[in-house]
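There are structures below to look over.
Paired with chain B in one complex and with chain C in the other, chain A is shared by the two complexes that follow.
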Partner chain A sequence: MSVSQLIEEAYTGLKSLVIGLGVTGKALTQPGVTVLYPMEEVERDNLVTYRGHVELIGKDEDPAVPRCVACGACVKACPSNCITILCPVAAKEGEEAGPVKMGPAPQKGSKTPGEFIVDFSLCSLCGQCAKTCPVDSLQFSDNPYMVSFDRKDFRIDLLARLRRMARDEAVAGE
Partner chain B sequence: MQAFDPTALRGDLASARFEPGPTDDKLILSMGPQHPSTHGVLRIMLELDGEYILRAEPVLGYIHRMHEWMAEQKTYMQFMPNMGRVDYLHAMAWNWAYAGAVERLMGVEVPKRAEYIRVAVTELNRISSHLLWWGAYLLDLGAFTPIMYAFDDREIILDILQAVTGSRLTYSYFTIGGVYGDVPADFASRCLAFTRHLRSRLPMYRDLVTDNVILRGRCEDIGVMDVELARRYGATGPCIRGSGAPVDTRRAEPYGVYNRFDFRIPAYTEGDAMARYMVRMDELVTSCDIIDQAVQGLPEGPIQAKVGKTVKPPKGEACYAVEGARGKIIIHVRSDGGPKPYRVKLRAPGFSNLSVFCDLARGTLLADAVSILGSLDLVIPEIDR
Partner chain C sequence: MNLEQLLSLDYPLTRLVIGLLCIFAFVGLNGLVLVWVERKVAGHCQLRPGPLHVGPHGLLQPLVDAVKLIGKQLVAPFGSDKALFWLAPLLAFAPVTVCMLPLPWGPDMAMIPMNTGLVLILAFSGLGVLSLILAGWGSNNKWGLLGAARSVAQSVAYEVPLLLSVMAVAITAGSLDLFQISAQQGGWPWQWYGVKNPLAFFIFLVCAVAETNRAPFDLPEAESELTAGFHTEYSGMGFGLFFLAEYANMIIVSGVAAALFLGGWQGPFLPGVWWFLVKIYCILFFIIWLRWTYPRVRFDQLLNLSWKWLTPLALLDLALAVIVAGFGG
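What follows is the complex of A and B.
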């Protein structure tokens, strides 16, 4: 390799280095874009479109009672079998009314869910359940902060959650 | 106590075909991750002579998740979320290929607005995929900073797509006959602002990386794939476009409304890693052009064609090809008239692209093999399915 080639190589290498440093230097003077999570949180408007686990929507007249009519369509539509809806089983004729048995929705004569549980650890957040619901009773919550050591914590009781949210809302409204 | 005898060590089925010896210079190396639960698990068995590769063989199947079998167990709509998981980097293209195949089977006409939205989100997703490839490839080559810049820009796309689809990575946005929900009112303006922003960033990308002597040294004349080789293996996408054949499904067999847009298909003739790199960098601009046209011409109207609550295509089969970020995606659906598909075949472009690696790696240095592997833009979940 001749001397001129060596110098040329050194020159192009150094030029690359200077240009690279220039880009880095420019980025260094700009404000940071990272959100340092526990100290800062993502802004609210970024979260409203975020899909957390599904939640029930309350009736307009009584937000503590879901619009759900316990038809079981969402259970069937869900690809991952996350939703469990239990309704009281109607007593057969001639049988004496014993303790109320719960069975999977739909049950004859039952128009409200007795239990509505979503297993978030299985959910693929596809939205099939919300799309199939005939009365628009399901939507996605926007809570991204779900952490737990126990898998059972992700079995979410949506009826209890709805009641709690309605109560909180009522308190906040007063 | 028994003495340690290295020849008594037995590997598995893949390594059984790689025997050490006859000279001391020959080395068998298993290149790849150590644990099957890491993401993107690709293992490559290498036979080395010193630092030169004599033989390379990819070992697949570490994240095989039986997507094709799953399709047979689910109804047509229930299979859609799987498409986001096959290729998690360009989920929209897989969404489209599956929705398209079922629509073709049923003879559903997709409303114009839905078609335009599909184009816009797919191209946004393509940019995010290329940006991630760009960062990860340079990470493979030992440059740490670029991925930070790439993710900075990619984050804007994820925010736009989150507002539309609700997800940030594994989208399940398409439905049979349309899209899941309408785009927000500020979608067009956000997309235009993003494409403007990305175009202004590209000169910086070029200065920082593309013109850098180290990158050029590691990419130029490395892994030269001539077009015949690419054809023989069925390599598609940026891999074959880097070898001088400008084949792109969006142009060759236009699907959706791609024939209404005016865009350039980049192609380079060198066939080396640098050419594949340049194709992807140019495709960022191509996608920006398409997005601009799609959101500016976004028509009003419905976003969902009339399809029954339970999707039940008639007996028959259909095939649909889509240009993904990695190449030609084909989905073949066969129906026996029931609510579940009889068979779904997924053709992943990454599989064919990876197959070329055996030929490209032969005779190269080990460090160059990493560069070649990265330049093929492999997404392992898609290859294993």
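What follows is the complex of A and C.
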């Protein structure tokens, strides 16, 4: 290696060292990006890509009613068996019309879910349910603050949640 | 001898005891402050807040950590050499107290005035590496031993350019007394040896970081490869003493750098000791800043840098200093 090469190497090395100091020096003077939970919470804009538990999407004309057609594709697609959809079982011919029985989707003649439960304690957030849904009725929610001492709290009633969110939105819109 | 004589600062023993007390208080307090500064700088370099919740802006965090360290049980690993194992942390801390004695805190503030202060500091700071060897060997641990071996090679490699760069300044000043060297510079930056001889200052800084085992030259402890290197097996105050010694060593090298290259206590408007402290803390901040900027060097890079770059450059600088001093004096 010639002397000029050596000097050139030393020069680029020293220059990169100074640039490195500049990078951390700039960071030193900038405000931090840490969100001090629970005193602060993450801004909504930063949560659009967050993969929380799945939630139902409402119809455009009525956000409180899901697009879901109770076909049961998501139940089959789920590798962890965490989705339960119940629909009213159609009464057989000649049978008395007693109290409405609920059975797993799909049920003949039933196009809306009677109950839509996700057991989040089993979910691995793979997204297969949202991917297979033929009417695009499922998506990841953006709620990172799910905390509980009780396992039961992670069995989430998605229909109730959709109704609650539609109501909140309507209140906020007024 | 009466009591009055015994209690006066002119009596060597009294002076030494008071000086040592001051050193211990200063080193202990500084350890706490520097740990806080280190963690704060680390945090802000990475856009985090650093310690925040214990006390205002986390100021009391190191105090709480110290209480935890003191409260821990002292454990020596099975098969270790107990005597060496417990001697090592004490030996790591002992030279620190000696090296603090000749530092020029102000024009008339010396623990013990001596005309060969520089030699004393250089001689005793070489002792520090011995404690790392004992710690690594005594713990009966492969990481400890590897860390110890690395620390020997590193300290041998970097003591040479360090001594040469210090010698260049000593020849320019014509003295080994830190007070005289400081006094010969002025209060303004263009009168400092660091500006007159920037190459020596640069070499000294690099070697100082390497001698104190700080990143990017922290190979003896190298967390990611050697767990914690020579102090892998230490917990509680055994580790605490190594930790305190590291910070105290940082203060010593910063103090020597301030005295040799930045005009020591001299500066406009403020009394001497404040200028000396300001200069020390600027260098300390720079060393901490370096740690959170650069990744650790590889071992061959470490030795190449010392033997192929710093040592020849320091020799060249020394020759220049001799020529300039010869013609000037």
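Definition applied: the second predicted complex is superposed on the first by the 139 of 174 C-alpha atoms of A that agree within 3 Å, B and C clash if a C-alpha of one lies under 4 Å from a C-alpha of the other, contacts with A are read in each partner's own complex, and residues count from 1 in each chain.
Keep in mind that, in the parts below, a contact is a pair of C-beta atoms (placed from the backbone, for glycine too) under 8 Å apart; a residue touches a chain by one contact, two chains touch by 3 or more.
Being a predicted model, the structure only gives us computed values, none of them experimental.
Of the two partner chains placed by the overlay, only chain C lies in contact with A:G32; chain B stays clear of it. Contacts of A:T132 after superposition on the shared chain: chain B is touched, whereas chain C is not. In the superposition on chain A, contact of A:G20 is made with both chain B and chain C.
In the superposed pair of complexes, A:G109 makes contact with neither chain B nor chain C. When the two structures are aligned on the shared chain, A:R51 is found in touch with chain B, with no touch to chain C. Looking at the shared chain after the overlay, A:A10 reaches chain C, while chain B stays out of its contact range. In the superposed pair of complexes, A:F140 makes contact with chain B only, with no contact to chain C.
Once the two structures are superposed, chain B and chain C can be ranked by residues of chain A touched, with B on top. In the superposition on chain A, chain A positions 20, 23-24, 27, 33 are in contact with chain B in one complex as well as with chain C in the other. Put simply, chain C touches chain A in their complex at residues 41, 43-49, 52, 289-290, 292-294, 309. On the side of chain B, the complex with chain A involves touching residues 74, 77-82, 85, 145, 149, 152, 155, 159, 162-163, 166-167, 170, 172, 175, 180, 184, 204, 207-208, 211-214, 309.
Within the complex formed with chain B, the chain A residues making contact are 12-13, 16, 19-20, 22-24, 27, 33, 46, 49-51, 77-80, 124-128, 131-132, 140.
Touching chain C in their complex are the following residues of chain A: 10, 17, 20-21, 23-25, 27-28, 30, 32-34, 36.
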